[in-house]
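Multiple structures are listed underneath, in structure tokens.
There are two complexes below, and they share subunit A, which is joined by subunit B in the first and by subunit C in the second.
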Partner chain A sequence: MYIVIGGSAGSFQAVTALLASIPRNYPHTIFLCLHRLKNVRGGFVEALSLKSNIPICEPYDKDTAMPGVAYLAPANYHMYIDANNQFSLSTEEPINHSRPSIDVTFCSIANTYKENAIGILLSGANKDGALGLKAIKDAGGTVIVQSPDECQVKTMTSAAIKITEVDYIMLTNNIIDYLKNL
Partner chain B sequence: MDEFQTIPYEDFRKIISTVRTLRNIDFTYYAPEILMHRITRSMYMHGVQTSDRLINKLMADNYFADLFVSELFVPTTEMFRDYSMWKFLEDNIIEKLKNETLCKIWVPQVCGDDELYSLLTILHRKRILNRCTVYATSPIQKTLNDAKSGFIDQKKIEISTANFKKIDPEAELSHYLTKEDKYDYFSPELLNNVIFLKSGIESSPPPDNGFNLVLFRDRMLYMNAQTKKAVVDTIAKTICNGGFFVIGIRENLANCDFRNVFIPVSKSENIYIKIQK
Partner chain C sequence: MFESADILNFIKALRDYGRYDFSNYSEKSFTRRVEKIMMDYKLDIPQLISKIKTDRNFMEQVVRDITVNTTELFRDPQVWHAIKYRILPRLASKREINIWHAGCSTGLEVYSMIILLNEMGMLHRCHIYATDLNTDVLKTAQKGVYSYRSISEYLENFNKVLCENPYNFDEHLVVTYEKYFEFNKIKDIFKVKEEFLNIATFQKHDLVNDPNPFDVSYDIILCRNVLIYFNNTLQNKLFLDFWKYLDTYGSLVLGIHESIIGPTSAKYEKRGLIYNKKVF
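Let's turn to the complex of A and B:
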């Protein structure tokens, strides 16, 4: 399966908890699209890697995605994935004031992996990710939203719930159980 | 319709084919995922609901066809994007080029073009611009005209100024800009040093050879792997031994097998030097 996680303001805690719970040699591929500072290239991978059991890396353009690795969208680039599991990075205009945009990555994952995609949307302060999550659902994938009650900022998750009949609204701990049992 | 809506692959092919017929530009070299988004984004922006309507509009409206094609290219984002690269370029590469009597520089596929303006700024700061021949090329006349005009989107000024300050806290980007009817333009005086040529890197011969520097950042992102390899091959032949090749910080030459042609000067900034074969 191909798991894509999007998050913005207030999502760091949940993302680190998810990554810490994923076992070594995880058979699935993980994509992370998190809003981040545009001009700060270093530090984020290192911070996420502190508790993670699986390697985390920022892909270069045309790199191939492999199972058991979490790929973080690089600062100031949109991240697409094509049918050959190859990354396409882009400096296109920001979407929802964001580059990387969660909608871009989610829609790309939806187009490429269809029913094999699992989209997870976490805390955030704008509506980026809502359309992308809908695209995953429409393409036959599974969509999960962090419970807005648990989110530090619920704008993003509420926007997604408003336009998509999501499969699960879950607390972080339940998302962890879901991912472990995949 | 939203800008992420996909169109059937057959329609996608028809649109590319129409563009090729109308404007002699071949987008089959483009990274398909991104091209699909560029097309649907443009359709969304112009309120064109279906692929058939788009094709009809392209064929009936010359102005729209030019606009649409120019929108398929991704513009540069800001001046001095990745400011640490520009700092490295100014302090290490341009500093070395100061020893050359004459310098040839090529900026292929201009689109925007903040990269060109940033380069001209540091060449001027290093006082070698008058010894440089700078070529800026693009297959699209509109993007060339835009680059030539020096127009800079107001929204980019703040971030560009902040980036420039990171390179030199004392420097003022405003010294390189002029204002006309409330709009900002890059210095026409510096732009006079540029030769603008309509030329597609994947389809036309290079404007010259023996280049000391080719600045080609974040342009290969939009090419498929095969075209990328061919383009790097073309560029490699135009760079003189000891000349420099600069690519975007998340691009790589790994799949191009150019280990015997280029070696990195700075891995983190993705700057390469051509070595004697």
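Let's turn to the complex of A and C:
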């Protein structure tokens, strides 16, 4: 399966918890699209790697995605996944004030992986990701939203729930169980 | 939003009526550009195609709209440090230095280079060539006029590259951007000073179809954040082209998240962020 996780303000904790729970040699591929503060371009991979059992990397353009690795959208680039699991980066204008934009990565995952895609949207302060999550659902994938009650900032998850019949609304711990049993 | 056959017809129309070939652009980012164009003009693909066939100006406009022109002053300072401390010192004794910015957009990368060379006392020995597919951005590049608001974000990078030495923290120079730019915050204008305009040669050039635009071998080719819009096949063609156009031991500088993969990688030696031409 191809798991894509999107998050913004207030999602760091949930993301680190998810990554910490994923076992070594995980058979699925993970994509992360997280907003970060402008001008903070480095150090993020290191911070996320601290507790993770699987390698985390920022892909280069045209790298091939492999199972058991988590790929983080690089700062200031949109991240697409073309056919053949190949990354394509782009510096198009920010979408929803964001580059990387979660919508861009989610839509691309929806289009490439269809029913094999799992989209997870976490805490965040803008609407980026809502349309992308809908695209994953419409393409036959599974979509999960972090329970807004648990989110530090609910804007993103609420926006997604409003426009999509999501499969699960879950606390971080339940998302962890879901991913472990996949 | 549309079928992939639509995209192929669209690409074919630009090829038949404009001699532009987008068939080897990265699939998803290209599709996204086409979607944006459809929305901006409120036309569907068949309507776009028929307008491309009948209206030459529109066809050229669509080509410009496809291109993504984001650029920054001293983008990714670590790359500029590599140019400053790894490439340029090697060229210090050369009488003439040829530099090509392939896909230069509005020229901020070109002016970054001019400023760096000037600070290093090498500018008078350099020929700077800059090309792009999009003629609008080339006009901006030639004028050297930007919006103050958009530039002010990157002045921190200016200081990082020109004033700091990552290999020697004790070194700290003072270079102020007033030396190179005139600006007016209220009118939102940030302008390259007259004496630094007309140094670079700007010219339209299509990396997909056109041969070496200038009759020289280059010591440095910068092609940053351009090849990300191309698929592997087209990237490899360009790595081979650049290899041919580079002077012996010339350097290729790619974007910070780009690398040479595939059959042409053996033709280059990777040194940190830089690819040097291997000579057999």
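Going forward, the second predicted complex is superposed on the first by the 181 of 182 C-alpha atoms of A that agree within 3 Å, B and C clash if a C-alpha of one lies under 4 Å from a C-alpha of the other, contacts with A are read in each partner's own complex, and residues count from 1 in each chain.
Throughout what follows, contacts are C-beta pairs under 8 Å (C-beta built on N, C-alpha and C of every residue); 3 or more make two chains touch, one makes a residue touch a chain.
This structure is a prediction, so every number in the text was calculated from the model and none was measured.
Q: Quick one: on subunit A, after the overlay, do subunit B and subunit C clash, or do they fit? Just give me the call.
A: clash
Q: Mind working out whether A:L131 is in touch with subunit B, subunit C, both or neither, as first, second, both or neither?
A: first
Q: Looking at A:N25 after the superposition, I want to know if it touches subunit B, subunit C, both of them or none. Which is it: first, second, both, neither?
A: Neither subunit B nor subunit C is touched by A:N25.
Q: Quick one: classify A:N181 as touching subunit B (first), subunit C (second), both or neither.
A: neither
Q: Taking the superposition on A as described, I'd like to know which of subunit B and subunit C A:T91 touches: first, second, both or neither.
A: Both: A:T91 reaches subunit B and subunit C.
Q: Given the touch rule stated above, what does A:V104 touch, subunit B (first), subunit C (second), both, or neither?
A: Both partners, subunit B and subunit C.
Q: With the two structures laid over each other on chain A, which partner does A:D82 touch: subunit B (first), subunit C (second), both, or neither?
A: both
Q: Who contacts more of subunit A, subunit B or subunit C?
A: Per-residue touch count on subunit A favours B.
Q: Touching subunit B and also subunit C: which subunit A residues?
A: 39, 58-63, 74, 77, 80-82, 86, 88-93, 104, 108, 111-112
Q: Applying the document's contact rule, which stretches of subunit B touch subunit A when the two form their complex?
A: 2-4, 6, 31-34, 36-38, 41, 74-77, 81-84, 159, 163, 166, 218, 220-222, 225, 228, 248-252, 254-255
Q: What residues on subunit A touch subunit B, complex-wise?
A: Listed in rising order, the residues of subunit A that touch subunit B are 38-39, 41, 58-63, 74, 76-77, 80-82, 86, 88-93, 95, 99, 103-104, 107-108, 111-112, 131-132, 135.
Q: Once bound in the complex, which stretches of subunit A touch subunit C?
A: Interface residues on the subunit A side: 39, 58-63, 74, 77-78, 80-83, 86, 88-93, 104, 108, 111-112.
Q: Going by the contact rule at the top, pick out the subunit C residues touching subunit A in the complex.
A: The contact residues of subunit C facing subunit A are 26-29, 32-33, 68, 70, 156, 225, 227-229, 231-232, 235, 255, 257-259, 261.
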